[in-house]
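Shared chain: subunit A. Partners: subunit B in the first complex, subunit C in the second.
Moving on to the complex of A and B:
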């Protein structure tokens, strides 16, 4: 870009002069630019949320048109919180959340740490590694049912090849004790690259001179790892955990198609449980209360977590 | 350990790191490879045990994916004469004839319309909002930005109930427009946050120069800022498209026929006679666009995912 005299003046011009340009005022333009977005979000996120709160206080059923609304107060809420089913699905969700986060953080960080060695072809490998997270969770879940088939599936074949266990003796998605692990495996396969990318961003944000200074101080590589690498990557890692936590708390598509919540209710995560109440049993009022409880849980946990994250960042 | 540097790994370390990453990548790719391979197997090869790595490729899965077929008795088939095309021949082996196209093409087209429609709308609205947030004094700016981000925390199933009722009242359920608006609302939070990051990095001086030259604010926006933000807009568009392309929960709850996208449809293929090659063929075709995008735009991926936290 060549610098004409007028540009040189412009570069030195304080914004106050520039804002006296002709046309719409900045204030009007700001409103015109922001309003559509806010309007859309109010219509499709906030209005439904308020409506859900309203419905949660009634016994409305969406499949019975024109049915009378009857106000039931907080009865839906008390019924859910005393119902054993919700606690079972909370347990299934907690198992899923904890294991996916542990595995994805461990593997994702290790991969990022290795890729950061800048070996030959690391860009190519990084591109290929991220492919699973770009795919549709529903379609992927559907296809993994094929890989998990006891007689014909590739997964069972590989396991039996490595361990000698009879491949038809176990079914990942049909067995009560294995089903929770079947969803953990697929989720880890899909989303480890995401954690890896964020860790890689963290590792690349560490300036080299810090390590150089530490090396001059004769800090051992082990010491450098724990006093420089880990603390500097921690905010990024916590961000990755936040994103994965929120996503997996809402998890619906992949698990629905993989196990459908079964066998029994061993993999019935809260969203799957909620979908059953809302769109199979059509207990709209009851499921609205359920939805609000879940939303408050996510929002509450996320807020506490974000506070902790900000503390770590400020250190 | 003198002379050690963590910033520049030794050749031996690089070699080991490369080997480990390559091993992980190959393990990760096996399921993807298996999907593509199964699409070219015959139904009996697909369920063979032990799993077949070497097989005779056939397009049977793809033919079955795109057609509906009826079984005929051999006498009727005699009367029809010999099969005319290669796909007729594949179907005829099983005493069947093609009775019409399947619904896969339609569903795929719906995915394209809804995916691109909502991506265009999210980018259009998102760019305007991001520019305003980046350059103007918007009242309650930080609160509004946080509000926009918080809409992403809502579980889809939680808002699906009232959206279902709302769309039914407005006549938007099972329509392309309804799904485009819905996906736009979900994508817009990401679009505003990503694009604001990109626009923040464009020096304000460029616009100020344009304003001095007599451009209006709006002209400065689309003649100066937009071209500068083009790469950022492109990579944001990819993320929006990937979401709309892959979304399942809203699609399955709010569409039943006309506007149904491919993700709720592909799993139903398996209901039609456990035809794994056809499922694999549908899955492969559905994955290809996203894979191509990922590979073409790999340079922007890292920046997009980390909200521009990585600077070169």
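Moving on to the complex of A and C:
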């Protein structure tokens, strides 16, 4: 009796391992292996999220755990969305986010473009440039606090040297109009190398023959830049923007050490504001609602962005 | 008979075991902030160790993190601390949440009378509800905001002459806030010994409690009141009354005219640094800093003078209370030994030694002793200041109330946003919301 190839494969395949051992089906065995992972994910991701949503509908305060819990419905949400101070903190976050991304992408790309050219000491310069991102944000925060000191800080002396302004006449972290820029400068100093490295990876992934073909077609360097370099590096740039955007949306440590959110509330980013509500004012229910709103915002924006990124990658 | 004998032996053994247990040496942990007085307490506590056989361990946390760290510890029922020297504002929450052991019975049983302690410290550090005989702590460290000044600069003839020419009066310790501002303005950017100096160091810190402690220090004397004396939690016209508005405007004016550049986020330690380094003529700070100035190489040896908070425009004179009481932590499994420590600490001779080591005793037997004012250059100022103290809300929700004040004051004073009236109106709104949430309004 002859068998078709499919039948031969079927006969050669051993019976399901699980059914041989203790009469379990493969599906049941799979569940046994997967269940601990699912349980772990539920415990550390889903449960806290659900619990936070639950708390956001109460007046719970973590420092008074024994107090009677009162259900307040969506009161916390309406309070947050109608609170002018929170919108100001969103505004401060948007300012920080937009300017750091713009500057980091522009400078990072320019540095990557320069470093990508073959010249002596290329590796050394790359190492020097990436040093800031190796430092701890706490160290950077304290370090720049000293640099910004009007009386002894190097930053003010450099500005004074360049502009002739008295160094003790302005305070980067004490002045309302300068403080938002002071955190943008430090973040840009620290994280531009990260964007540069990603761009460098993008630039080095472009095969030389494309440029050679363009040169044969007499495309000018400017044309080559806009029609080859930029489109091919764009997905990398967008990835860098995504990483920096998410990181800076939750920026806390460096800004806390640098300005503490001040002067006033000028540099109080949403993460700092949320920490104050949750762990200084101890309004746990309120801050849970705040966290949920931020989560939905980041999740929504990131989803839209990732869709756009995929479209760019598919081009 | 045999059974009776066995029972008697067993009873004696159990009693002996129990009594041995109660006398057992414990390892007690005392929690406090990491600052100079804490180091003095470590030294002082060696006497307790020698007398009791208990061993003392200490957990000290820097001031900016002190409340966060310790309130978390208390709230979670942690057993790290057996004794807690907690801030005065914590007393309401600590009492209502059952974090501290109530000490009334212990005080009665051991003859410890609250009348023996400075009245303001009993109210501030020990009582909850306020002004009721319910005690949760023993006043441990009296503290109050006051001022230091460069006495040596004030005494220089050329500086005295210049001041008199400008203001038509002698350069002396200010009696009013208006005089204080004149002095601060006079010294601002003045050159002394070839160095540019500034008028005053005041509290501007945003993160924990700094600017509130500083601004309240002024606001009280300008007419600020927390609530209507006849109607609790009724704040309209008291928190944001004309006096309070003028007081906050004064604080901003003092900040704008007379602080060193870049001091937009300064509290106790920055004030100490500014004064010790000869940067400022006047310094607002808690009294605990004073012993350190006396022993300093640059500002010690008679160069520093002290004065209590000056009076406001209507002659009212108040000062912000600091300081702490010592409590037994309810979650501690060594409460008996912890109470022993409090009993030992309350003794007059221990309190006298505490004062001599730089700890600010609250015991009247020490502070009202005839030789007390001469015991230290700042002793009289300490007494004067403790007589005029007021404290921030000690409600269980004090942390929320404090952070609201921090924001409103910093936004106006340092960031220059809005007006004083708007800042205080906003504060009334914030505090009203909190008290409504608490069910007190």
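In this text, the second predicted complex is superposed on the first by the 270 of 315 C-alpha atoms of A that agree within 3 Å, B and C clash if a C-alpha of one lies under 4 Å from a C-alpha of the other, contacts with A are read in each partner's own complex, and residues count from 1 in each chain.
The criterion applied here is as follows: contacts are C-beta pairs under 8 Å (C-beta built on N, C-alpha and C of every residue); 3 or more make two chains touch, one makes a residue touch a chain.
All figures in this text were calculated on a predicted structure; none of them were measured in a lab.
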item	value
Touched partner set for A:151, first subunit B, second subunit C, both or neither	both
Touching partner for A:279 - first (subunit B), second (subunit C), both, neither	both
Which of subunit B and subunit C A:62 touches, first, second, both or neither	both
Superposition-derived comparison: subunit B or subunit C, residues of subunit A touched	B
First (subunit B), second (subunit C), both or neither touched by A:264	second
Contacts of A:93 with subunit B and subunit C, given as first, second, both or neither	neither
Which of subunit B and subunit C A:173 touches, first, second, both or neither	second
First (subunit B), second (subunit C), both or neither touched by A:248	neither
Touching both subunit B and subunit C, residues of subunit A	62, 151, 153, 279
Subunit B residues touching subunit A - in the complex, by the definition given at the top	1-2, 4-7, 9, 13-15, 17-18, 20-22, 24-25, 28-32, 34-35, 38, 46-51, 125-126, 128-129, 131-133, 135-138, 144, 147-148, 150-166, 181-182, 184-185, 188-189, 192, 204-205, 207-209, 211-220, 242, 245-249, 253, 262-264, 266-267, 270, 276, 279-280, 283, 286-287, 290-291, 293-295, 298, 301-302, 305-306, 309-310
Subunit C-facing residues of subunit A, complex	59, 62-66, 85, 148-151, 153, 168-169, 171, 173-174, 176, 259-266, 276, 279-283
Subunit A-facing residues of subunit C, complex	68, 71, 75, 93, 96-98, 205-207, 260-265, 396, 399-400, 403-404, 407, 410-412, 414-417, 437
Partner subunit B, residues of subunit A touching it in the complex	6-7, 9-11, 13, 15, 17-19, 21-24, 26-27, 29-30, 32-34, 36-38, 40-41, 43-49, 51-52, 55, 62, 107, 111, 114-115, 117-123, 125-132, 134-139, 142-144, 146-147, 151-154, 157, 167, 189, 193-194, 197-198, 200-201, 204-205, 208, 211-212, 215, 218, 220-221, 224-225, 229, 236, 246, 249-250, 252-253, 256-257, 271, 274-275, 278-279, 284, 287-288, 291-292, 294-295, 298-299, 302
